[in-house]
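In what comes next, chain A is part of two complexes: it sits with chain B in the first one and with chain C in the second one.
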Partner chain A sequence: MSKCCAIAFAVLWIFRQQDPRQIVEEAQRRTTSQSQRYEGTLQVVDAKNKITEKRWQYERLGSYGSSKSVLRFTAPAEVKGVALLVINHTDRASDQWMWTPAINRERRIALQDRSTRFFGTDFSFEDLEERDTDQFEYKLIGQEPVDGSACWKVQSTPRQSKASQYTHSYVWIQRDKFAIAQIENYSKDQLVRRARYTDIRNDQGIWTAHKIDMHDLKRNSHTILTIEKLQYNLPMKDDAFSLQALRRES
Partner chain B sequence: MMLLRLLSWPYLRRHLLRWILTLAGIVLGVAVFVAMHTANRSIFHAFDTTVDQIAGSTQLQVSAGEFGFDESILERVQAVPEVGVAVPVIEATVETKILGQGSVLILGIDMTGDRSLRDYELKDADDAIIDDPLVFLAQPDSLMVTKEFAERNKLEVNSKIPLLTINGEKEFTVRGVMSSAGMAQAFGGNLAVMDIYAAQQELGRGRRFDRIDIRSKDDVTLEQCQAAIKAALGPTFEVEAPSARGRHFEGLLRSYSAAMSISSLFALIVGMFIIYNSFAIAVTHRRAEIGILRALGATRSQIQRLFFLESISAGLVGSAIGAGVGILMASAITSYMSTVLEQTTGFAQRVNEIVFDPTLIVAGIAIGIVTSVFAAWIPARSASRIDPVQALQKGKYQVLSAGENRRRRWMALIVCLVSIGCLFLSYSKPFFYAGYVLMIAAGLLLAPALTLVLSKTLRPILKRLLPAEGTLAADSLVQAPRRTSATVSALMLSLAMVVGFGGFAHSFYTAVDEWMDNALNPDFFVSASANLVARTITFPAEMSPVIQNVPGVDQVQLVRNARVLFRNVPVMVIAVETEKLARTVHRTPVAGTTAEMNRLTAAGQGLVISDTFAEIHRMRMGNMVELPSPSGVLRLPIVGIVRDFSDMQGSVFIDRSVYTKWWKDDTANVARVYVKNGEDVGTVRQRVIDALAGHHRLLVLTNREVREWITKLLDQWFALTYDQIAVAILVAVLGIVNTLTVSITDRRRELGVMQAVGGLRNQIRRTIWIEALSIGVIGLVLGTGLGAINLYYSLGMVKRDLGGLDLAYIFPVAFVFAMVPTILAAAFVAAIGPAESVIRGSLVEALEYE
Partner chain C sequence: MRVIVALLLTAATCFGQAYTQRGFIETRGTFYPQKAAIDPAQGVGESLFRYEGFYRPAATLQIAGAVDVRIDTHHQVGRDFKLSWQDREIRRPVSEVRRLSGIYHNGPLTFEVGKQFIRWGKTDIVTPTDRFAPRDFLNVMDNEFLAVTAARLNYEKGANAIEAVWSPRFTPSRIPLVDQRWSPLVPQTEFTITIRDLRASVPGGPQSGIRWNHTGPVEYALSVYQGFNPLPSFDVVGTNFTPEGVSIDLQRFHSKMLMAGGDIAIPTPLFTLKSEAAHFSSSDDRADEYALYVVQLERQSGEWFFVGGYAGEAITRNGSRAATFAPDRGLTKTLLGRAGYTIDANRGVAFETAVRQNGDGLWVKGEYSQAFGQHWRATLNLTLIRGKLGDFLGQYRQNSHAFLVLRYSF
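Up next, the complex of A and B:
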């Protein structure tokens, strides 16, 4: 009996793990934290291999659908102080504002502009949003290794309520760490962007990629985001994630 | 064709100079027609091209007149489900301090979304720099310029460009260079792209946008998208395709275009008279030849065809040359006209391309030929009716028979009476214009009879002054009224037009002077731009107390004006501080009472309109005017009508409080500043300049400077009219030369006999001079008379169809007196050549003539 029970549990567990939504939710659960802070370096490598570099400081409060984040550019000098405030929502697309200290003004990044490139990088504004599982339909395509790691390959398709530039995406999730290894974003049947997540380390119990390489296949350019000084669950105030705070701190 | 070759060609070769002069009439007419219309089309084309090039893939534009609207409207538009892309735009022309570059069209855009609409086609080398919009957005001094502009001024990435903004002369940094294609060609390449929020600050826009450019979603039709936006924003916003701006621009310049059409028509009419004159003279001159042909069996239709073929040939050659000359003139006229338009309407244009429309050139040639044939019709008919016997009797044909004279007089009387009848029905446009045409026709019908009367009147005077020469000259005129009257008619018509134009200009200047005396009476004006019609740069209301607190300043009145669409036509709305204005400006209203008008306007219970607005839109006291504003449709009754020349299309005055409430904007274009009694204006002005130094870049213009600027604008506007006057006089002179040449040819034997019996060369010379001067005098008298009538109709036409200006009839006495020496000098100059040809010609040949 106990053997039968053990087999039954094992089968159930396998089936449970084969549910793509469960896989994605588990991946999100494992990376959920109260807050996050890191310093990032962006290297944009264009089609002619010309490299431009920017640095930013990132802070996030909350996780996924209900999170708020502020991204502040720290270098080069021309862009220092420029900030992006993102407020995510569970039921709709995020609100985004950019703060420009030189003119003391915020500008709203309209929903229609989310598909545009994020300030000359190969990320789009939409790519900076955190995904809420309820806004997508998932389908398990199969298993496929990435960089030697066994991964589930899950297809995510935005629900109608979710306005997206992508018709669908494929997400590779490492089977052992439940960490995202790769995302391919499609517009209709054409692959437009590919993000590779590498240098995955365990930081305070959370498996986190310290290098994200986003490749824009149309432009044949790529942007490497390198994460440093990563910290989770730091105490942060809610009112620090508002336009008033951006104005105050500029 | 055989007759043309055997008869016309030898005649043309013998009288080449005269035919050149005849052709000159057609050349001038067609050249002015082609040049004016080409210039007009080039300006509209430049405007449309600039709009198209800037629009990119924009399908619809949301605007609310020139005032713009609060930036919160953007989110409302972006929230419309049918909208694919909606990006805000600010557009303004800004003066650059780069030598010789004049103004630059600044396009303020939001780089985050704008590239979905416009392709900036960046130069490869700079791609990485400008392709990083973060730097562009982070640095408010960022500019992207066109390759053409960069090359012209030797600019590279990171070069500095000085621009005059509301914050003073400021250096901007070139952070990208657009290739010379598409948008980069707009405004003749003098285009620079700036971040929209930086543009708000630099151009004094506050938190406002000029318009929103839109592209619909792929699966939505343009009409669906337009309807959805209209439903979301309400009726006070214009949601139109970019091409609608071109239509509004054309509507704004409708009166200007009409004036240009009339000018070219006028040139053609005068040219027609020259052709008529030449052919009438040719018929007269060749009547013996025609008589012989008729005696030899040539039919009437063959003679008529001969002259028609001649006129078609002359028309074709003259028109072709005219079209060529017109094309050459077009470039200069276009440049001049675009400057005048910028100065008067505030719409800056850079016309780099002259649009040659083949249809227009063909039309010009066709008009020239038709005009030539039409003008030759009467002489051709006369030629075909020549009696062979009468034809051989020299001088007989030049005499108008008593019967013909009587018939003409009766016809003139009937036409005149019908014309007067039309005057009573002149509220109707067809009757007004029919009356005008008939009155001119009556003048032309009466011209031969009046020429004869005046010639006879002049005879005793001339006889007394110079007994021999005077009598001979007067007799020549009296004996050949047909020959003389053709020239006199042309001169009379030219002068009538000249008096009409001159009178209109005089009445206009007088009215503007009165308006400036009454309305523009502040001691100085504070403006964000040296060009007071430029409304794209404004300053905040906080400037008012800054100026008011300057010692010596008595009162400051803020003015904000801009165009909004009223019945699909852009009209000028002027927001004034009514209560303050009432204390300093005492205008007698055309309708309504001053006190009531000011009280109701100040209370926001009514508005005042200019008389031109009332005329153009047929508005009366008490009528409701509906003005679109970002807060809804502002409906106010007309409580007063005043004479105002602020804008050609008429103005609407509302109180500033109404404006700030409905348009949610407290900026101003101009501050009217009054100095306290006893204070020195110059000293106070300097104090104001000092006080403003730490704030915005504002110019302080004295009352005199503003008046001089307005007068200069008027001078520029009327300069084309004066050119027309010069053309008219030139054409009239050509007519006199033609007439005298024929007169001398006709009288060659007579003049030869005079010389043979001892007549001195100087006597012959003086005879011809006096004949020419007499034609000038007769033309002046008749031209002044017809000009007085023409002025009446011209003013009526201006009031009715060319801008609604109700100008007082002021006969331009001084102008006419100035024309006397001009015409007499022209007549004298015209006589020199023919006179010298007679006295230097062979006496034997002269005596052998005929």
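Up next, the complex of A and C:
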């Protein structure tokens, strides 16, 4: 009896894993944390292989649909203090404000402006959002290895309520770690951005890519984000993620 | 001065991680192709060193400080080597405390006291509700904000924020020097007229204001300000006829001002609509009573950034003052535009323009900027000004210029 149950559960588990929404939700669940902080180094490599380096500090409170994050540039010197506040919502696109110390003013990043590159990097403002699974429809395309790791390939399409520059994306999720290995973002039928997630390490029980290579196919440039000093579940206060915080701490 | 700079730099080492700093040193060379009637100089050189430090002794407390040290070739900067606090000098001070404030925050409450920058409003170029933001208008078109000495209390809860400001000392905007090319008092006749600016006693009373801001899908704010106009008006206090010509003595005054206004930002699928409007009244009969409004559209697309709009004015009462210097009003009844293009991570171009609706004034600016490595940036600016003598923009038609700025940031 118990053997039959075990087989039944195994079959159910396998079946469950083939449900693309379950796969994505499991990947989200495994990376859920109360907070996150890291220092990022960005190498922007243009089409002529010229490299520009930038650095930022990133802090996030909460996870996915209900999270808030602040990103502050620390280098180069001329952009030190420039900051971006992102307030994610479960049912709609995030709210974003950018603080520029030189003019002592914050500017709201409107929804239609989110496809713009973020401060000369190959990340767009939209790429800095954290997306909630409920805002997308999912379809399992199949299985495809990335960098030698077996992955599920899932197509995600934004629901009507979610305004996005991308008509659909393909997400590769590692089968063993449920870590994202690659994302390809499409505008209609054209591939516009590809993000490769490498150097995946276990940090405090969470599999995290320490290197994200975002490739802008239109410009043929790419930005390599290297994550350092990563910490999860640090105590953070809600009031550190507000417009006033953006202003007083930059 | 060197001692102060040395102390500030040493502070970085002493305070360790609780201390952050930034700053730059820049040199600017400006070339005017045309000589002005009262100012034959065509080349101006200036250098500025700015240092900003932030010390956080506790999680809820921060002290922010900044100093400027500058020098120039054209005597727009004074030659008195004392550290300035009040920003009331006619010329830019050689060294000044640009900012020095303490910030305490606890939950939704933020309290800042000291010399600080306070910005209200949402629009660009003309910002009617931005009342605690006096500017340095020595060069009129390339102006910088001045800090105000004030106490600011902000309560932010969810989508709403209320900010109350009280400033015990009035900080006037710095206006162009009367003997230099940006002077708003250039004689408009063929006779020899000498203008003497007898200065003014700066008003001593406090200023206060309150602003409520809501940040939902549509962002809007209402604000009230009571204080003084940071921009001066002029009264004629004496006229002397001499064999050489006429000498006119002017006295500056800053009239009392009561402002009630609001601003709004509405995102639409194609662009963001931003608008700002305010009415200005005064108990001083010499001052005009008027309303300013701005409507602008904003859009980022690819590597482009566009802002276009219109600024308008409606005068509800004419004051008795003889003249006024008011760039905010001078840029009304005007179509305004700004565009920027990011070439790559290091290079960008920007264009700005203001065209009077009656065609009497035009201002066009083009700027190319390039970063070199992690610290250096060069900016080349070309500004064209055209128009009629009686127009706010047109009066500066001899001041088209080009400048090159080389900045080292740290």
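Definition applied: the second predicted complex is superposed on the first by the 250 of 250 C-alpha atoms of A that agree within 3 Å, B and C clash if a C-alpha of one lies under 4 Å from a C-alpha of the other, contacts with A are read in each partner's own complex, and residues count from 1 in each chain.
Here is the rule we use: contacts are C-beta pairs under 8 Å (C-beta built on N, C-alpha and C of every residue); 3 or more make two chains touch, one makes a residue touch a chain.
All of these numbers come straight from a predicted model, not from anything done at the bench.
> Which of the two partners, first being chain B and second being chain C, lies in contact with A:E144: first, second, both, or neither?
So A:E144 meets neither chain B nor chain C here.
> In the superposed arrangement, which partner chain does A:D19 touch: chain B (first), chain C (second), both, or neither?
Touch partners of A:D19: none, neither chain B nor chain C.
> See if chain A has more residues touched by chain B or by chain C, and give me that chain.
C
> With both complexes overlaid on chain A, does A:D91 touch chain B (first), chain C (second), both or neither?
So A:D91 meets neither chain B nor chain C here.
> Tell me which partner A:V82 touches in the superposition: chain B (first), chain C (second), both or neither.
first
> So, A:D199: does it touch chain B (first), chain C (second), both, or neither?
Neither partner.
> Is A:A110 touching the first partner chain B, the second partner chain C, both, or neither of them?
both
> Looking at A:T100, would you say it contacts chain B, chain C, both, or neither? Reply first, second, both or neither.
first
> Examine A:Q244 and indicate which partner it touches, taking first as chain B and second as chain C; both and neither are also allowed.
second
> Given the touch rule stated above, what does A:F73 touch, chain B (first), chain C (second), both, or neither?
So A:F73 only meets chain B here.
> Residue overlap on chain A between the chain B contact set and the chain C contact set?
Comparing the two interfaces on chain A, one with chain B and one with chain C, the shared residues are 44, 46, 50, 52, 54, 78, 81, 103, 105, 108, 110-113, 116, 120.
> Can you list the residues on chain C that touch chain A in the complex?
22, 24, 62, 103, 105, 107-108, 110, 112, 117-119, 145, 154, 156, 161, 215, 219, 265, 267-272, 298-303, 305, 342, 344-346, 371, 374-375, 377, 407, 409-410
> Taking the complex as given, what residues does chain A use to touch chain B?
My answer: residues 44, 46, 50, 52, 54, 73, 78-79, 81-82, 98, 100, 102-103, 105, 107-113, 116, 119-120, 125.
> Mind listing the chain B positions that touch chain A in their complex?
74-75, 78, 83-86, 110, 112-113, 115-116, 127-128, 131-135, 137-140, 197-198, 201
> Of all residues in chain A, which touch chain C in the complex?
These residues of chain A touch chain C: 44, 46, 50, 52-54, 75-78, 80-81, 95, 103-105, 108, 110-113, 115-117, 120-121, 221, 239, 242-245, 248-249.
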